[in-house]
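Below: the structure, in structure tokens.
We just call them A, B and C in the order they show up, numbering each chain from 1.
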Amino acid sequence: MERRKSSESLQVPNEATPAVLVEHLTKVFQPSLSRQKVPAVVDLSFRVGQGEVYGLIGPNGSGKSTTMKVILGLVQATSGRTEVFGIDSGKVGSRRDVGFLPENPYFYKHMTGRETLEFYGKLCGIHGAQLRERVPELLALVGLESAAGRPIAGYSKGMLQRIGLAQAIVHRPRLVVLDEPTAGVDPRGSRHIRDLILQMKAEGTSVILSSHLLEQVQEVCDRAGIIYKGRMVLEGRLEDLTQLQQQMEYVVEGGPPELAAEIQTLVERAGAKLVSAGHPRTTLEKLFLESTEDKEPATGGTRHD
Amino acid sequence: MKWHWRELLRGPAAVALVLLAGGLARAPFESKLLVDLRKAGFHPPLHGSSALQEVGVQGMMGALGGLRYMVSTFLTLRANFHWEFQDWDKVLEHFQLVQLLEPRNPEAWITGAWHCHSNAWAWYLHDDPKHSETTRRLLAREWVERGKVMLRQGIEWNPDDPWIYRDLANVYRERDRDLCQAAEYYRLASLTPGAPDFLHRIYGYLLAQCGEHDEDAMKVLRGIYDEGLAVLRRQRVLIWKPSLIVEMRKLEERLNVPMEQRIPERFDPEGFAIATPLLPEESLPVYERLLEKSRNSEVPDPALPGIVAQVRARIGEKSGGS
Amino acid sequence: MTETHANAGTAPAHVVPVWEVSPIRLWVLARATFVQLVRMKVFYFLLIFVALVLVVAAAGLFWLPTEHLIAIKRWSFGAMYLFTMVYSISATALLLPRDLEDRTLYTILSKPVPRIEYLIGRLCGVLLLNAVALAAMFLAMCLLVAWKMPAVEQQLVQQLLHGAAGEAVSLNEVNQAKAEAARYGLSTSLLWAVWALYLKASVVSAVTLFISTIASSSLFTIVSSAMVVFIGHFHQLILDFWKVNETGWFGGLIGRLLVIVFPNLSLFDVVDEVITGTSLSFGAGLQLTGMGLFYVALFVLVAQLVFVDKEL
């Protein structure tokens, strides 16, 4: 509860309507064959300002995808509400300015990459010369020009992710929702995708992305929320989140063992205490592990998709 | 617990409601459409011999949907296969299935029955190696009866088809030598909608030949004769029907028709009052004379030159061909 | 609890007014579906069709000459029926679950595409496929019948001469024979028959679409739709059975319910009679069309009722 208050006090830089507004969102699934209810998201609130890149972070099964689906109107909220640019997610109009890249996207495998983009472009109301111009532009942007004429059936995971990204932004939406955009993509590929996100950000597009790989979020996000078992456990600007700690971390490469001993003595001389020494970790990952382990032992969150 | 009315309009309850309402709403239109279609000859109500049979046939049709004709053609092929091996029981069995599948197809009844009253009959009578002469005669008769039963069932399903009646009549004529029955079935055949004229004529001949209904036969044949005259007057077409004249002369003898009421011996072209059917060779001089007369009269008949030309052409064809 | 009902007032999520349905997007979806099905090589069936009908046309299996024409038409229509039923059910049954499984549904519905548009677009794709296939088969059949027609006419006249037992035959009778042949030839009623078949297939597609919105697997959808098709041909039987036998109020109720809820598909079976020369009036054809459209609309509506609330 306190966390959320702090998030409310963190004012979005843009005073206009937020790109995404999530208020007290709860989603309880009731699988048809069992009586047992699955609370996927519990009383979740956050907002994403226009032009902001927001990261949703949490282990598998913590409710990231569900939250995104509610925002996009693919799943209905059990209670609470979500808005996109001030329009209720239930309304078709709320999707006019949104692009979505689902988790592990897949497309009609009989279509070529180019046809796929044309198909989604037409669904967004782009036709004729405008479409003929936009599609090669997108293919160049995601680096799939050479594969554009091949059927999707032969695409690799990374290519699918990139064509997915391209279809998400085919109509130049003001908000892009990316569910695990770099999951299962090799480092070069994810580098590329991250660059694309940064480019969108530079163009003023709002982005929500989810991930369980934290370094990427850290690199591109303005703000992030850590959710665990459907609840927001920590939220804030990335600087703020990382500044919570008074600790500092030095990453040293190629130092001899004597150097470690010397540092140790230097630290002690300054009246400080060496908390840990070892191989480096992302600060955010550390943060994440702490904040989730503090609450509950991570048992329910092990879900593989 | 406030219950919003919109909740009614969603979920399984809504689906059930809409389906029921839709079903009830369409019911009157559907029955009206069904009545209209029935009037036009579609979805004919079944009139099989028992309710159970109807259910069976309908069930079969429903189950096979639009494919039953494919199945039945396949069964026909199988039946032909058994026919080659003179396995008459199997042939019968297959055709009974075909008839169950498409009772409204006259072909199924006619062909099935033909196997019984002609093929099986002839085989038992002449080719059956196993049985004695007497047994063979009995068996042959039995197969003729089977064929008749089949044709009668076929008529029950297809009362408007002339050809099943015709076949049944022919069985009576050729297998039973029962010309009166044969005549009766030709009569029924001639009454079906769209039946060709010759069915009525053959009915008349058979009635004349069977010997028990001479007066009726005379009426029928006289009708045909008069109609022929009418056609001759109207359309100037001579129809060569030697059997009609032969049968009528025989009847006139038997019934002692007074001379002046009998059909004339010769054709009199002048008055068109009397006619004997003629061959083209015979009719040509008649028409030529008429044409000449017409040319000399005040009102020439415009049709005659054409008729003469046609008759000439026909004669020319014949002599050219031979 | 109050929270649960907080959004009940704003409930018509995804429900769009009719005027918001975009014909262009419908066309995009329908075309994509059509292309998808075509690339699944469904049209190879047409080659089998042509081979089959040619064999029937060439075979001399029939005693009555008109029967030859009837056979060509029956086999053609049988093949058309097979094609449309199999593809209406299996294609429609595959579409939705596959989109769900591949998550293509997410990308489509996260565009400004109302769910009803997705449903109708998919359905239209299947209907388009049926239309193209039926048109092709129908055309092939017509060509074949037209090609066989002169021979059949001649045979009929010969049969007439034969039947007249050696007597001359009047022109009138020859014309009768030709009219008889024409009755079994091509007619506008054949168009109605193929249209009725198309309507029936469309109804089956719509029913399958509806079932696929509630089903969890394609197999279930296919089996249930086949059941609906089966029962849809039994309306008269159900009614008769219920009249003939004393099934009691319970049996009567079940029978009545079945007849009300399941579409009466045998209504569209005008093919058999049309083939053997009965003609369908314009009015009856229009009524059939109305009935078919009504069924399609009804099942699209219930499909939408289920689909609009579906958790994806």
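Some points to look at:
Assume contacts are C-beta pairs under 8 Å (C-beta built on N, C-alpha and C of every residue); 3 or more make two chains touch, one makes a residue touch a chain.
Please read all numbers here as calculations on a predicted model, not as lab measurements.
Using the average of C-alpha coordinates as each chain's centre, A ends up farthest from chain C. The innermost chain, defined by the distance from its C-alpha mean to the mean of all protein C-alpha atoms, is C.
Separating the CA-averaged centres of chain B and chain C is a span of 34 Å.
Note on chain placement: the centre of chain A and the centre of chain B lie 81 Å apart, centres being C-alpha means. Centre-to-centre spacing of chain A and chain C amounts to 47 Å, using the average Cα coordinate of each chain. In chain B, there is no position where the chain touches two or more neighbouring chains simultaneously.
Among the residues of chain C, those touching two or more other chains are numbered 12, 309. Those residues of chain C that touch chain A in the complex are listed here as 3-4, 6-7, 10, 12-14, 16, 20, 22, 24-25, 28-29, 32, 35-36, 39-40, 102-104, 106-114, 216, 309, 311-312. By the touch criterion given at the top, residues 24, 26, 29, 32, 69, 72-81, 88, 90-93, 95-96, 98-108, 110-111, 119-120, 122-125, 127, 164, 167-168, 171, 177 of chain A touch chain C in their complex. Remark: chain C residues 1, 5, 8-9, 11-12, 56, 61-64, 67, 70-71, 74-75, 77-78, 80-82, 85, 160, 163-165, 167-173, 176-177, 179-180, 197, 229-230, 233-234, 236-237, 240-241, 244, 259-261, 264, 266-267, 269-273, 276, 278-281, 283-284, 287-288, 290-291, 294-295, 298, 301-302, 305-306, 308-309 touch chain B in the complex. On the side of chain B, the complex with chain C involves touching residues 1-2, 4, 6-7, 9-11, 14-15, 18-20, 22-24, 26-27, 29-30, 32-34, 36-37, 40-44, 51, 54-55, 58-59, 61-63, 65-67, 69-70, 73, 76-77, 80, 104-107, 110-111, 114, 163, 166, 194, 196-199, 201-202, 231, 235, 237, 239-244, 277.
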